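When the chains are written out, they are named A, B, C, D and E in that same order, and each has its own residue count from 1.
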Amino acid sequence: MESTTENSTMENSPRQSAATVGIDPSIVSMVDAIPSNAPVVPVMRLKDVAVSFNGKVAVRDVTFDVGKNRVTSMIGPSGSGKTTLLRALNRLHDLTKSAVVTGSITLDDVDIYKGGIPTTLLRTRVGMVFQRPNPFPTMSIYDNVASGLRFNGIKKKAFLDDAIEHSLRAAALWDSVESRLKVAAATLSGGEQQRLCIARALAVEPEILLMDEPTSSLDPVSTQHIEDLLTSLKEIVTIVIVTHNMQQAARVSDDCAFLLMGEDRAGELIEFATTEKIFTNPTDKRTLDYIQGRFG
Amino acid sequence: MESTTENSTMENSPRQSAATVGIDPSIVSMVDAIPSNAPVVPVMRLKDVAVSFNGKVAVRDVTFDVGKNRVTSMIGPSGSGKTTLLRALNRLHDLTKSAVVTGSITLDDVDIYKGGIPTTLLRTRVGMVFQRPNPFPTMSIYDNVASGLRFNGIKKKAFLDDAIEHSLRAAALWDSVESRLKVAAATLSGGEQQRLCIARALAVEPEILLMDEPTSSLDPVSTQHIEDLLTSLKEIVTIVIVTHNMQQAARVSDDCAFLLMGEDRAGELIEFATTEKIFTNPTDKRTLDYIQGRFG
Amino acid sequence: MTSAALEAPRTDDERRAAVQEAASRFYRRKTLYSKLFLGATSLGLLIAFIPLFSIIYNVVRNGISYITWKFLTTPPQSPSIFHKHQIGGISNAIEGTALVFGMALLMSVPISIMVAIALYESHGRVMGALRTLLEVMIGMPSILFGIFIYTYVVERMHFQLTGLAGSLALTVLMVPLMSVACEQALRGVPAVLTEAGLALGAKKAQVMRKIVLRYALPRMLTAIMLSASRGIGETAPVLLVIGSTYVANWNLMTSQTTLTTLMYNIIQSFYNYQRSEVWAIALLLIVVVFVLNLASRIIVARLNRGHR
Amino acid sequence: MTSAALEAPRTDDERRAAVQEAASRFYRRKTLYSKLFLGATSLGLLIAFIPLFSIIYNVVRNGISYITWKFLTTPPQSPSIFHKHQIGGISNAIEGTALVFGMALLMSVPISIMVAIALYESHGRVMGALRTLLEVMIGMPSILFGIFIYTYVVERMHFQLTGLAGSLALTVLMVPLMSVACEQALRGVPAVLTEAGLALGAKKAQVMRKIVLRYALPRMLTAIMLSASRGIGETAPVLLVIGSTYVANWNLMTSQTTLTTLMYNIIQSFYNYQRSEVWAIALLLIVVVFVLNLASRIIVARLNRGHR
Amino acid sequence: SFKVDAIMKNDLKIHTAPGTPLVLGGSSFDYPLVLAAETQWNSDIHKSNVLAPDLSNKSGLGRSNMISKAYAIGFSDFPLNQVAGSPDVGPGSSNPGLKVSDFAQVPVALGGEAVTYHFGTGISGSTAALLKKYPLTLSGPTLGRIFAGKVTNWDAKEISRENPHLVSKGKDLLPNLGIQVMSRTAGSGTTFILRGYLNRVDHADYPTVDSSNFSAAGSNQFANSGLLEQAVQSTNGAIGYVEFGYAIANSSPTISLINKSGKIVSLSEAGIVQAATVGLKAIIANKGCKGFKTTVLACYEINNELGKTVYPIAGFSYGMIYKTQTNRTDAIAEVKFLDFLSHQGGRKSKATTFGQDLADANGYAPMPVSIQAVARAVLLGVKVSGHAVLNATD
């Protein structure tokens, strides 16, 4: 977002304090709107996390805590390893033979990579919503939402019915699909599909919900819907969201991690702080530069 | 884009004047930055243009003039027919059996659909850049840029060499690829690929360049690059650009067409005016609503 | 940059005029070339379809009069000098085809699906080698499978010439075809779906069963149908191992006659009038393959309905 | 909405505890099920590969001792009861295969590419019907093509049993295979590329030649290679029309022997000891198909290098 | 009566080889001999590829492909005919414009038909040993009943009766094993010969065996003798019939037959020669045979002849070509090869090995000299533009 009047000011004065110059007022104003927070309880802790593929480091030096019932956003340019890092949090890299995750990631003080918790149980506790809506196209709306529970051995209809209503409501989808639960998921619009995916993830009652650019393929109205949702979801689940869109990060997140690609093209964590701090008074010059260079 | 302080103001006061309320100040400020213009010479005129597929109207009632050496943007929500309309301008719908274009579109007063100009010649005069970078993956950088000329029978090396340098320079790509013109186009980054596509389109020296969300798949830095480019390109070519991003429209365009889907889900032209007018004082309430409802 | 562009020898307008003039001049040649190209394609189409139509035409013309209920349901009779038109029907071959081919499908479909899953799930070098082996097997002369079953099962294991030996030969022939095609169907399942499953706490096996197989089903059906119609049309591998029978006996442990082996034997018959029977059998097979093709399309369309 | 969610019978924490407990309880069954599933796949793999390995093993074991330079380059000799090991070589069949199959390729590849282009370019009902016809042809018993050429070319046109008749039968067999596969390769070309070409003022024919064909080339090569290895392995269609020859004569207008017809003739030889020669021929064919497979992979990899 | 020439010198070389190798095929009864002979002819005499390898399928195909000119020479165990029923040529056939007399039909092989069987794992070791000593024996009527599907098990009464040695302590050693009849597909000349035999023996208690194969037994059918014999030797309880050579080559056990004189004979070259000698006398006395109004002696049937040592199932096989030819080079090659095939080398100097000299090595009897003379006489009738291809003095 460019500043109101002079287009060139920022580029000419990179060393000026972030607090005083160059931050787009509209962003700052959004950050202001974030409610002041209760004390932060870390639920997932990352320490010196690095991920490499075939020995090539994709992201490294990541250390931060994910606070319970907070929204943590990860921002950074393309290729800085946001997705890669996010996928490390529910061991989705296990599928990729060439991927190695080092450092420690703990969930409630149990290292998730040290066998303390079976992967499938980890994943029921740490859910995920992907970049593009990916409902199971062969299943109905109901079956999509039920799928996670069924994968975990829950077959009782009463329980399922209740859980499905509950998570569809939480995803703000119940009213529009209540009458057609048995219809194929593919008949929903893009935005509805993404909310269905959120409902599906919520159905297994995860403690943490990972979201990788959940609105990037959606139109603005659907995006708005989902952003609204995040605020209400925070009450039941901890959220980690990757986004390209700084305004979105500013609007929805409490904490913010900024990643950047280093000289060697490996992403690294530059700064982690409350969203307010990142957007108004970042410590690192590169964070400032990135936030300044951003626009629209 | 939400207003600076209260989130709910806009929704509660849709009938307030656009000139006074609800338009994001950052957008208005951008529009201000647009230089005042020379007299407008229409090069392409659209009159009652409509496109339908299989008898179903996708977009209709489009009447406006594209001004020479100006940037005309088309904005509107997803499905409002922006792409459909753009593709009518170089007869790309000819490929689709089910598509019917009605109304008249003239280029220098010749109706392009009435046989006044062979389709392939039309397309050399009205070039196109697509949503995703689509360089020919089997060709080198050089061959990609040369392809349009070769398709039109130009084989002389001296002419090609010169034209390729010229258009790569115009697309701000010459410096970074000069030393590797024979390298496969796929080795370029996304943003470079999109600039390569612009250079490829420019090489046949079109009078009009159609661009369909040319930056939507690019990262912010590449987007910035391409936006910068548009301003310089305007001097040699008339540009029609579709964008989802209102800030982009505000920043880069001189004129702006706003399309919206009607009750019957067919897109229609709601308003066409200078960008300044559209963003500061739109005539139609729906334009105002759209611009207000927009965000980051 | 713009200024650099303006330093170029000509003005942009000159450059544009040059290109547009060249394009106009070339326009006629382009159009001519396009017409030639269209001509060449049409010619190719003609050359390809004349024999194909001719086959269909002759099969129908020569075969249609044979196709009666009696022909389909009675066993053959060998003509003789004295009863030359006593050729009877082909119930033996219909039964044999159903039995031998049905058994081959029963064996090859589950095996192929298992192999496809194994290939899909693993990535190592060994699997790569196995896949190459399967591909090489697909290119093998089909008669080799017949020779193999003949030598090592019929002769070595005193298995005799039986329908089952034919089923085995067809199975060995079809498994590589089917498993490679089914693996491709599995690979067509978007990774985001399997990841979605895993992210919900599913095990790989659950993802495979509930998501991957279900999603790949239509393409797998098509793959199986195509391999199956290849199998049903094979002559060489079964010819050697299957023997033949006059009467439908529904017993896999005895010799059988299939439609294709019957065709081969009839074409070698010295009774001219018996030879035209092959067209009737070919017609029958065309109809069967066509119905299979149609049925699989309908099933696939139905499976895909709403969810693509 | 959130408040509605909170009206649900339990608290979110209770709900979460219930799901997590169920998941923990189910975890062991899931693991067991996964192991069973892995077991089943491994079993399928084993069942599939035992015969395939056994074929390869026996082909190599029985065939390897034959493969000498002399065997490959001398014509066959007929054994007699008293000179039973006088079997000579297979140069006639190698020459015959090269000639008959080479000619078939020369005819079928261009025709198939033309047909694929025609199918790709047009969308009407007629073309849909033609595509279905091609697919049905793919499912036809291959012997039908032999019978057709035999009846309508060899007999009716007094064409005699010649290599060319074999090439014709193989061409009619391969064209449907190749053209359907090549069309799929063409369809794999992203529409944005063809549109980019058209938007630059290219004619459809130019787009086809410069963009589509070039992009689809690797997949087309693979398609052609697969159809070709099917063709080279066919026995039934050529057997009827090709006759046989003793010595390599490089003349398509005379009878020819191919590797597969030789295999068929040898396997029915009345000399037991001559029969083991088939393994040597099979070995040769395996090597050829393997080399073809490898070569096409290398070429495809090279073509794809840098531009995917 | 026919004059039996002493075979003089035959210049077997043809002076120009045909442009393309000549295709031959048909009968699998004579296939081993023809294949051996043409190898000799190609490699030893011409050192070039004048003839393509014989295609062993069936007599029927040999005839029809020769008529359609797909084969230059067709081989068949039964002569062309134009009688009502199954005419190859003449009215009612697909070649109505041709007559039998348009073709030269040359006897080229004299063979005996082995009845082979396979017990395999169906019998005990001691029975196998006994069978080596006392070969399995059948009478003509019993054989007929087996092929007619009337006798279906190897321990049937009539078989036991004809094999008294295969009894131990009053117990029949023949296996309780179903008989699997292996036959040839329609158009087989080998079947034609067997059928001729079965129709000549007393067959009051089974219907006329008039079909080309033995459908009544629900039998398995094979395209040629090679496939059939392989099937027999891999099927427990199988019975089949092939030319002697196939039985030798596959080391197949053969069934001894009770001949018209009531003697048990096993298949031997001498037995075949004896059959031919006796049979020919009768034919010459009858001046040809009924049903075939041709000058050609190609209808010799020598089945079930009387004589102590006569083997009862035997027959000739014929090479067939067009009598009037257009291509002189091809015609010379065809005629000279058939001449080579149907004769023995000079008796004084055995320097040159002729076709019939290869007979015993391949499981045939050399044709009697009188038949060789018939072959020569037939070949003398082949003409190109009015001139005989072969001179009597050749």
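By definition in this document, contacts are C-beta pairs under 8 Å (C-beta built on N, C-alpha and C of every residue); 3 or more make two chains touch, one makes a residue touch a chain.
Nothing here was measured: the structure is a model prediction, and the numbers come from that model.
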item: Touching both chain C and chain E (chains); value: D
item: Most heavily contacting chain pair (counted by C-beta pairs in contact); value: C-D
item: Centroid comparison with chain B (C-alpha atoms), farthest chain; value: E
item: Inter-centroid spacing, chain D versus chain A (mean Cα positions, whole Å); value: 47
item: Inter-chain centre distance, chain A versus chain E - centres from mean C-alpha coordinates, in Å; value: 87
item: Rounded Å distance between chain D and chain E, as computed from the means of their C-alpha atoms; value: 42
item: Junction residues of chain D, two or more chains touched; value: 23, 30, 201, 203, 206
item: Two or more partner chains touched - positions in chain A; value: 120-121, 124, 152, 204
item: Two or more partner chains touched - positions in chain E; value: 223, 227, 230
item: Inter-chain touch pairs (all); value: A-B, A-C, A-D, B-C, B-D, C-D, C-E, D-E
item: Complex interface listing, chain E residues touching chain C; value: 57-61, 63-64, 83, 85-86, 93-94, 120-121, 185-187, 210-213, 215, 218-223, 227, 230-231, 234-236
item: Interfacial residue positions of chain A with respect to chain D in the complex; value: 118, 120-121, 124-125, 149, 152-154, 159, 162-163, 165-166, 169-170, 172, 174, 204-205, 207, 232-233, 235-236
item: Contact footprint of chain B on chain C as seen in their complex; value: 1-2, 4-5, 8-9, 12, 15-16, 18-20, 22-27, 29-30
item: For the chain D and chain C complex, residues of the former touching the latter; value: 23, 30-31, 33-34, 37-38, 40-45, 47-49, 51-52, 54-56, 58-59, 110-115, 117-118, 121, 130, 132-145, 147-148, 150-152, 172, 175-176, 179, 201, 203-206, 208-209, 226, 229-230, 232-236, 240, 259-260, 263-264, 267, 278, 282, 285-286, 289-290, 292-293
item: Contacting residues of chain B [partner chain A, same complex]; value: 1-2, 4-5, 7, 24-26, 29-30, 33, 77-78, 190, 219-221, 224, 244-248, 251, 293-296
